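Every chain is named by a letter (A, B, C and D) in the order it is written, and numbering of its residues begins at 1.
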Amino acid sequence: MSVPTTATALAEVDDLVVTRRTDGEPVLDGVSLTLRAGEVLAMVGRSGSGKTTLALSLLGRVREGLTPRSGTVRVAGLDPFTSEGRSRVRRRLVGFLGQDPASALNPARRLGSTLHEAAALTAPRGRGAAGRAERERRVRAALTEMDLPTDPGFLRRYPHQVSGGQAQRVALAVATIGEPRLLVLDEPTSGLDPSLAEDLAARLSARHRRAGGAMLLVSHDRLLTETLADRTLGIEGGRLGPPRRPAPSRRPPPRRRAEPASSGAPLLELAHLRATHGRHVAVEGVSLTVAAGGCTALVGPSGAGKSTVARCLLGLHGSWSGELRLAGSALPTDFRRRTGEQRRALQLVAQDSVGALNPRESVRGALLRPLAASGNGSEEEAARLLERVGLSPALLGRLPHDLSGGERQRVNLARALAARPRVLLCDEVTSALDGETRDAVLELLRELRHAQGLGVLLITHDWEVRATADQVVTLVDGRMVDAEREAAEDGASR
Amino acid sequence: GPALLTGCGSGEESPARSDGKPRRGGTLRAAFTGAGAGETLNHFVGGTALDMVRARALHATLGDLDPSAPDGVRYGVLETIEVNGELSAYTLRLRRGLTFSDGSALTARDVLWSLRSPAEDPASLPVYKNPAATFDFAGARVENDHTLVLPTLAPVADGRLLLCQGNYLVVKENSDFSPEVATSGPFRLEEFVPGEGCALVRNEEFTHPELSDAPYLDGLELRSLPDSEARAAALTGGQVDFAHDLSPVTARTLGEDERFTLTSTSPPYVSGLFFRMNLAHEPFRDNRVRTAFKLAADREAMVESVFFGDATVGNDLLSPGFPDYADEIEQRPFDPDRARRLLREAGAEGMRVTLTTGPETPGMVEVATLYVENLVAVGVDATLEELPAGQLFADYPAYTRLPLAASFSVPTPALPLYQMSYGGQNPAALGWDRPDVDELVATARGTSGEESARAGLAAQRALWEEGNTIAPVFKPFTTAHVPGISGVAEDLFEQFPGFSRATLS
Amino acid sequence: MVFGATELLPGDAVSAVAGPSATEAERAAVRERLGLDRDPVTRYLEWAGGALRGDLGTGYTGGRSVTELIADRLPNSLLLAGLALAVALPASVALGLLAGARAGRRADRAVSTGVLLVAGLPEFVLAALLLWLLAARTGLLPQVSLVPLGGTPLDAPEILVLPVLTLAVSGVAVGTRLVRSASAEVAASPWVEAARLRGITGPRLAARHVLPGALAPAAQALGLMTGALVGGAVVVETVFGYPGIGLELQQAVAHRDIPLVQGIALVLCAVTLATVLLADVAARALDPRRGSPR
Amino acid sequence: MRRPSPDPRGSGGPGVLTWCCAAVCLLVLSVALLGPLLASGSPTEQVGPPLAAPGAGHPLGTDVLGRDVAARVLHGGWVVLVLAVGATTLATLLGAGGGLWLGLAAEHGGEWVMRAVDVLAVFPPLLLMLLLATGAPDSDAAVLVAVGLAATPFSLRVVRAATRRVAATGYVVTARARGDGWPAVVRHDVLPNVAGTVLADAGIRFVAAVHLTATAGFLGLGRGAPSANWGRMIRENLPGAPLNPLPVLVPAALLAAFAVAVNLLADRLAEHLADPDITRSGA
């Protein structure tokens, strides 16, 4: 059975059912969808509702552990599930940006070579010098569009040498460089600060529409969907429906004043941090404190050095100097010289949620290990932790790659909490979460702060997340920008 | 020449063409066991087959053994050897007009140096030191360019046989064995690559004692291939025309191939495979046990299975085929029942013994394997221990302590061989200490005629009856070559072919 | 270490040189001439000193300088190993990638099974098989590697074919597996997945996306393989009578030519060590993340 | 309604090939281990002319000394297998243990230990085998140890490389930073992720061990002449192959089949241990 293709329908999904292989649970449950040329369709839904699964099906891809049961998919009249269809669809028709762009860049290849290859693959068959010059031009254009440096030095870097947001933008550049007729973007701006995201989105859509391309945008960032999308579809439990919430306002929500949790002595004090990446000074002169039961937000544009600060605090960064105190006693800069107690006291939820999970360890194992170390290694405790971060205990038996992006991020969070830290460092912990889930997570953090005096350092781009902090430290280019004033502006100073 | 070779293929073709003249020309390529890259042109220190063959191609011999000749020898550079009545001095007379490859004259001084210098060099092989045990080189006199007088240390009757064994060659006096040195043999060196081989061309200065126009070959290429399989493969692949010393199985497989002619040496040019009982080992002190061990060996089966019938059954004596070999002594039978009985009598039933062997020469391990089965069959608790290649004799003191050890012999006349390895409490004799037999051998060698024969027979009978050596098999040296090669058999030293008369058609 | 090891070999060159039937006096003379009567420490110091100066002493059999002797043979072995590598490396990378990039699929099964079949044959059986197929039966190639006298193996390239082939085939068998296991892992990574979703397939995917990640681990193992090729040619050199260092070592051991064994072992160690270090350096250079753990 | 994507790989579970391998393994193992019980004749007794073609009483003919090939095949397997399996186990244990340790202890002088191991690794295995085997001549245990030791540095290197790769991943760093000790990290994070490599490597080691053991026969090491041993049989009878190829072919085929089957099984096992889904991804 197939639906006749109309001239304007670029992509059609008809009654697609995708189930889990193990238990036959549907992940997509009879999804039908038409995407016309030039249309931007936003897809919103809770974490784990099937957005990524649907997006991937347009490329003829079903992740291992899932199997397509029935239904058809057509892109420009081609079936991406057949091998000829697949190669044409992927090569020429569809540009795709995955949810974890950082892990989509080959760590053994330089950024430049990945970009050049993408340009060459999609270029009109120009060979020789002319072709090369054309490719270079396109790469430069793509980088400029993404607000990335275009110098050869940057292109010569490896993925692990750029920040999470930069990696995401490189991946976005790779996806868009060939100007495909259909762009499928899965959380394209999760690692970017809002102003940059908005800016980028505007540029992207302007160009894209000009060229008459269609776009499927999966994002929980209402700002973004609102700016870009012609139409927004909600997805819930694998079924399409109208968006659950009416489109919210364009403006950032009023910043809630966070109730100062406790005014005791700072739990974590950092002073005069200086960190380098080789010869390049990534961060300099950063000082911050996290109070017991308090929450400090570390914000700043992508590439400012936020993740670097977090890694320094944890003692993971190789070359840094500065003073670090935990509850008044000094912490060695290198984690190897910290005691087990000291290590457990600081926990990080890393920005790259894929890399931080052992691909061969089930969720259960990942949670039980820190739980056992902190003295309560029972399965119930693990299940309870999962529930607290809004996940079903059924996930305990799963491996990381059987999880959706948001689920992975929350497993990471649960694991960090399982170690019963005194200070929790969250690096973009809500970037892949829809508003509802994010609020639940923030609520959990708040609760822990109050109940256990947990100190939280939040690295975030999200205004709403930032608003929960009682202190804000802003980094620009590795330096602090008048934290006091920012804080005062936020009305969050103590 | 003597019929030293028995053909088992199409046989040797006549060296003469229809017009009676052997064909001249051609280059013969032959493969031998050689040493590695350490190989030198000094044959006094290198004992491989290749060393021997190369040396005999490059250097003229004093003479070769030839039982059919009046003196028992055929002379090379020599005209005659005269011995005085007391058997105390030998006079060597050289042929006139001999020259080295550079045209310089070959004199008696060269002959003396060639005999004497290896005896004085500790590095040289024992075989080249043997003359020094008989002759007094310090008292040697060079009478003129063609006459050399060698006094003996004690009266010796077989001095001619000793000097003209085929391996005493004439080297230019004070030679350093560099490739440039002038040589006296049928060929001269053109190219020498240690460990790989050498290329030789006809030495036009050489005059053959019997054949005026020999050597016939234009060139000779001798290649070093240590592995028997590899030599056979080179032959079947057409890379060489002549492959020396093939293992029994290889020989058998090549024998099925009509493209090649296989020849095996017959006695005396055969190598003995021995098992030697150590008299320091208690049970072997009893001659009944020794005899039982000799009776237990199924010699026919060994010849059949290991050598496909192409070997000689041994009679627990050394060197069959040589003139001094006692073929009057009856062949020892295969009699397991008697062996069992003797063992019972000696109270050695179920005795435990380990036979130690190694792949030192083809067939040695196989024969030992069968022998152990034979021993088990007569009620000896025998086991075999096979050492890796090169290890059996490596630690010689340890070897001399083995209870039952394998060994092998190279073709040497029986009595000199006895003196070399059994006489005078030699540790190599594994406890054999019989001054009376030593005496008999000395008499046999020091006298001639009837007396010598009687003493020789008595010595060998003692060895047969009480000796500690089981000599079940003598294996031939098998070579294979393409048809059309002839004249090799006429110039043979022991198992080593010479090419001075060889022709190629 | 090489020295110590060879000292432990039972027996000494005395018997080999003097012959089994030598008398005790003769043996003592030989022992003195070879310097074996002095204590091992003195001999070691002399040897080590000489080795540093490039002088490895004199071989017992023939009395040639060991250094000279090795200089004769080593180039032949290096040529053999080099050619075998030149065949084996690209082939194992290509096959390993083909199998690894499609791990679990039919191509992988075919390559893996085939490679295993070959690897399952001991080297001398493989040599015998190739010999029988390509030389003995068909007469296409010479069965024995007789180098033209006074020339190099390159003067008669046909003699190199079989030894190189044997070495290369068994090298490919090992190499392919190493590359396969490294690339299978990379092929399952999210970034290769992302490349697939960009429509990159086939050779391009393998060469540009899988290979870079697989090279570093594979280089390590391939380095070792290379070392093994140089030293491990003993069997092949014996079977084909190829005048290389492996054949020489085997003969030297059989003749208890201690200085020669020591010299060859030392040179082999040096060559292998060099390749292993080279592989290490290569692996480091090929892995951008080395030295900067995340 | 048709299925949009015909599943390219069929369902999971062991395939035909895996079953074949298991069957071959079992067969060879039973020949090797039960052979001595099944064989009617003695493996060392001479029963006929050498290299005779198959005939009544001796279904595979006779070998180079006229012994029954069938009896020798039945008797000659377990030595090779025990040796190869033992040596592989030794090499894998030492290699995996050392490799893990060296991979993780890269900072603390591990580099230097590795160099030392390299020196060991480059020591010619031939010499190593000669040494150990001459120290204890005629002993199979020496061959086992020698083969095992010769293979160890190789394993060690491969495992170390894999370990270092894993040790640099986010999850290991996270676990370490979280306060997990090395034992826990090794057990949960490192081992599962290098297990595939270790197993695949063990497979390679196994083939190498079979070869080395056979080569030990080639060099005349280990139990000597009369004992039947597949590696030895091949060598003993190789020159006679044109007359009766069976004494060479049968043991060679058994050896090769076993090596291949064990390897393939090790591969499959590695895959399943790892997690079938991870290693079999592909669009």
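We take it that a contact is a pair of C-beta atoms (placed from the backbone, for glycine too) under 8 Å apart; a residue touches a chain by one contact, two chains touch by 3 or more.
Treat the numbers as computed from the prediction; the structure is a model and nothing was measured.
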Most centrally placed chain - per-chain CA mean versus overall CA mean: C
Chain centre separation (chain B, chain C; CA means) in Å: 39
For chain A paired with chain B, centre-to-centre distance based on mean C-alpha positions, whole Å: 88
Gap in Å, rounded to a whole number, between the CA centres of chain C and chain A: 50
Inter-centroid spacing, chain D versus chain A (mean Cα positions, whole Å): 46
Residue numbers of chain A (touch at least two other chains): 61, 316, 355
Overlap residues in chain B, where contacts from two or more other chains coincide: 229, 389, 391
Multi-partner residues of chain C (at least 2 other chains): 9-10, 193, 196-197, 216, 253, 289, 293-294
Contact pairs between chains, per stated definition: A-C, A-D, B-C, B-D, C-D
Chain D residues touching chain C - in the complex, by the definition given at the top: 8-9, 17, 118-119, 121-128, 130-131, 134-135, 153-154, 157-158, 161-162, 165, 167-170, 173, 196-197, 200-201, 203-204, 207, 210-211, 214-215, 218, 231, 234-235, 238, 241, 248, 252, 255-260, 263-264, 267, 271, 278-283
Chain B residues touching chain C - in the complex, by the definition given at the top: 35-40, 42, 45-47, 122-123, 125-126, 191, 193-199, 221, 223, 225-227, 229-230, 233-234, 236-240, 389-391, 393-396, 398-399, 407, 420-421, 426-428
Chain D residues within the chain B interface of the complex: 44-46, 49-51, 64-66, 130, 133-134, 137-138, 219-221, 224-226, 238-240, 242-243
Residues of chain C touching chain A in the complex: 189-201, 208-209, 212-213, 215-216, 286-289, 292-294
Interface residues, chain C side, partner chain B - complex: 9-12, 14-24, 26-27, 29-30, 33, 59-64, 69, 72-73, 131, 135-136, 139, 142-144, 146-147, 149-150, 238-241, 243, 247-248, 251-257, 260
